[in-house]
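One chain, chain A, appears in both complexes that follow, with chain B as partner in the first and chain C in the second.
So, the complex of A and B:
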């Protein structure tokens, strides 16, 4: 008979190992899924994980994409991980990401066709404020009216999506776009664009911001009082209150940080890789970032690695779609599976598995 | 505004409320047992495609609904194993279920985009369905509408009057005490989660087979989350959940009718109204801290690990 025995403290070894075990298990299960779809599983896995980086034919295009896709994922996931650690569940990052893009983009478009160097910094600030403001709705409803932040932040994603549709069809539509939906293209509006900083690397300001966020989060969690309060609240909410943590303030801070970072990610995406505000510029980064945060064990360095891995599944998925006709949804299911396996093997971190012989009474 | 008839509005309200009602009543049982399953959206959309696929392949909507219940329940097994046996966090696992369900359903659903499902027959009560006003509003729907109502009554009765219901509620209030009394916490929670999954699956299939009726990716569009909010709105009481479902059914039907009537309000504002109203209602319901805390099952979302 198998029994689980609670460990006094989480195992450090398993904390580090579980993401690897989960990735391996997902590769096996994913291979089976691809086989069930009638594709050669080894070829599919090679196309997703190996070819984008090392195949001479595709790597030139795919490698820069790695940073392009990982940037927003890491930036959003870093913000989310703060709240998740403290038991504050912001799952509406997708909405904050959209609003950040709208707010920042609108500021830039308002000054068209200015060429002042101040435009882009101003847009960045507006983007962060947009995301922050959108996240303040669940934060204030939670602290003032005790409303569940999970449901409110998520429902606001649908509201943000409608707002995005309304804006790209109406207020922010390109007046010279011949009636097509979508805003002006930021790539042709130099003062407001977020170009590749070094040719062929995929590095843009969003990726820079993501790296800064990783370092800042690491310093904050290990060296700053706020980081201590977050970790303490996650580990023992009652003890945290005795230690002087004000729950209301922590909720507002955590949701605010994650909202602002998601808003930034949205702004960098819309001015860079996406190019314009359009109905479907958002590519579910806000939801995938949840998986990234968990896969990275809510740790900044872990999130950096997890973000790169998840970006690889996006790129490899596109490649597999193109080369093998693997449906796009398969990758989404694959990413979901990864989270399942991660949660499943996580039991090993907190519990010891004991085999017990049934005693005869 | 003249184009909107009250009779038609009320009749379509019953239809519009059914998917969220089915999902919400299932989730109510799950939460009463102390489990917070945030995967309702994922189970609904899985039910939507399973039901759609089975109905199209067999030509029978009845088998379709059965398939949907099975599909939803099958997905919920993953949640049950993870949270009950492997002691994972309820919130994270529920989110995983939703993310996986959305991808998985899109994967199965590829061949079914643009296909027309077999139509679900409406019950025919002969003379009764011809009664003016009451007939078309109440008595001329398909069976699932009434199944939803029956399910509400059954859940209410089981929770209130039976021993099983009492044990279920006890487990939801304090799993440690219930375990000490010898009740099978994990087994009963497992069954509650399966029931929730099957109900959500039925709700999803009602969307794809009756309400829309068509399959498109991500077609539930937040219905599962509204169902979760309904449970809070209904203060974990079955009849109030029914009331809430009709309220939201009414809002969504009304906004669609207003869109069609060409009201001078932006379409997007009308489309976001169900979500905004859900948030508003949530705020009102949870504003009173003490009452909200009394209504919610005390062990909701807490992981149970039997030490002895």
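So, the complex of A and C:
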């Protein structure tokens, strides 16, 4: 008979091992699924994980694209992980991402066609403020009226989506766009655009910001009082209060940081790879970042790796679709398995598996 | 110049130098990107039917590939680049929102041919193609006007772009002609495919007393709501949606891309491909009216068929004056027909429609 016994403290070994076990289990289960769909599982896995990195035909293009796709995921997930560690659940990063893009984009469009060097920095600030402001709604409602931040932040995503549609059809629509929805293209508006910093590398300011966020988060969590308070609140909320943590202030700070980072991600995306504010500009980065945060064990370095891995499954998944004819749903199921197995093997971190003999009565 | 471009161009230059259009026995590679899943049973599904028709027509001489549910923007550019890099000769980008990505990537790969559906910008290696869906909407608008008992017709609209506005106007004009008491309620859902939102819109319309639903979105969810409500009818959109026949689905507007797709692939094989802007309708078979079921009275069926035949024969244009714009200003005089330019950029309602075009 198998029994689960709660460990007094989470196992360090398993904390480090579970992501690897989860990835392995995903490879096996995914391979079985691909085989059931009538595809060679080894070829499918090779196309998803190997080809984007090393295939002579694609790698020169898709390796930099990995950074482009992972940048916003990492930036958002770093912000989310702060709150998640303290038990503050911002599920609405997608909304903060949209508002960041709108606020920052609007500032840039307001100055069109100026060529001042101050415009882009101003847009970055506006983008961060936009995301921060949108996250302050659930923060204030929680601290003042004790509402549930999960629900409020999630529902605000849908509000943000409506706002995005209305802006791209109205206020921010390109006046020279022949009546079609969507703003001016930032790629053709130099002072407000976020191009590749070095041609062919995929590096744009959003990727740089993501790397800076990883380092800053690492330093803060290990060296700074705020990091200590976040970790303590997550581990033992009562003890945290005795140690002088003010919950209200921590909620506002954590939601604020994650909102601002999501807003920045949106601004860098809209001025860079996406190019314009359009009705469905958002493509689920805010939600996927939640998976990335957990896959990375809420640890800055883990999130960096998880973001790159997630980006790889996206890019490799597209290759698998048109090279092997795998349906998009199979790729999504494959990505879902990753989170599923991670949460499943998490049990091993907190519990010990004991085999016990059935006692004879 | 990025490394990947250099190698791509070098490869292309080599092929040119050797005078190889792609080796004779190598199949022509045709790629498709879809905005929805091919299982949407609507827009993307019909494009995928066109892809299958290409395979059937050319057999071993062609290889087709596709990627589904590609978001319009940076992701589309990435997928297109990877397709171009992997040696596709011809790529169909099947949604309006792929316009800028298609043009951007086409510039980088001058030897790959692109075909963009429903757009209005061409390039030396980018063609555009679309169907005159408004011709079909005129026909079902007539049926809707004749069939409604509550005199309230609902319209589930996706995005306020000219194509959708044209469809609303065409069906309203013909519903009104068939039944002067008719009222049309338009709901904007801002999506091409979202069964949840489409079902909500259908429910809201039915609660307001609508008994005929027209849709410019791709899922069968509105049809399912109509079936639940009982005495409400609808029309298949893009696909036949015959699984809901004979009622609530009483007819359909079907997109039939296969003939065009086969034509274009043949042109690439023959080396005669040129950038064109195609806009075909009922006459060329790009728009088809789905089988009318017995839920439609025989005389209404005959009238609808007569309209479709007249359009196909070129005797009748769905936008024929006298027509005024919503604000009462004159648009078309008696007997005058709309020109393609106005239709392609249509951003106004005709007189009688309520509400505003969102902007």
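Miscellaneous remarks
Please note the rule applied: the second predicted complex is superposed on the first by the 360 of 361 C-alpha atoms of A that agree within 3 Å, B and C clash if a C-alpha of one lies under 4 Å from a C-alpha of the other, contacts with A are read in each partner's own complex, and residues count from 1 in each chain.
What we mean here is this: contacts are C-beta pairs under 8 Å (C-beta built on N, C-alpha and C of every residue); 3 or more make two chains touch, one makes a residue touch a chain.
Note that this is a predicted model, so its numbers are computed, not measured.
In this overlay on chain A, chain B clashes with chain C.
Of the two partner chains placed by superposition, chain B and chain C are both touched by A:327.
Of the two partner chains placed around the shared chain by superposition, chain C is the only one that A:273 touches, whereas chain B remains out of contact. Of the two partner chains placed by the overlay, neither chain B nor chain C lies in contact with A:295. Contact with chain B, but none with chain C, is seen for A:141 once the two complexes are overlaid on the shared chain.
In the superposition on chain A, A:166 makes contact with both chain B and chain C. After superposition on chain A, the stretch of chain B whose C-alpha atoms clash with chain C is 205-213, while the remaining options among 205-213, 241-249 or 295-303 stay clear. Where the contact sets of chain A with chain B and with chain C meet, they give residues 162, 165-166, 170, 327-329. Those residues of chain B whose C-beta lies close enough to touch chain A in the complex are 38, 78, 81-82, 86-89, 91-93, 95-96, 99-107, 109-110, 217, 221-222, 225-226, 228-229, 232, 266-269, 271-272, 275-276, 278-279, 282-283, 286-287, 289, 292, 305, 307.
Taken together, the chain A residues at the contact with chain B in this complex read 4, 6, 37, 89, 91, 141, 145-148, 150-152, 154-159, 162-163, 165-166, 170, 287, 290-291, 294, 327-337, 339-340, 343-344, 346-347, 350-351. Chain A meets chain C in the complex at residues 57-58, 60-62, 65, 68-69, 161-162, 165-166, 169-170, 173, 178-181, 185, 199-200, 269, 273-276, 278-281, 283, 315, 318-319, 321-323, 325, 327-329. Against chain A, the residues of chain C that register as touching in their complex are 1-4, 7, 31, 37-38, 65-75, 77-79, 81-83, 85-86, 97, 100, 120, 159-162, 190-191, 345, 347, 358-359.
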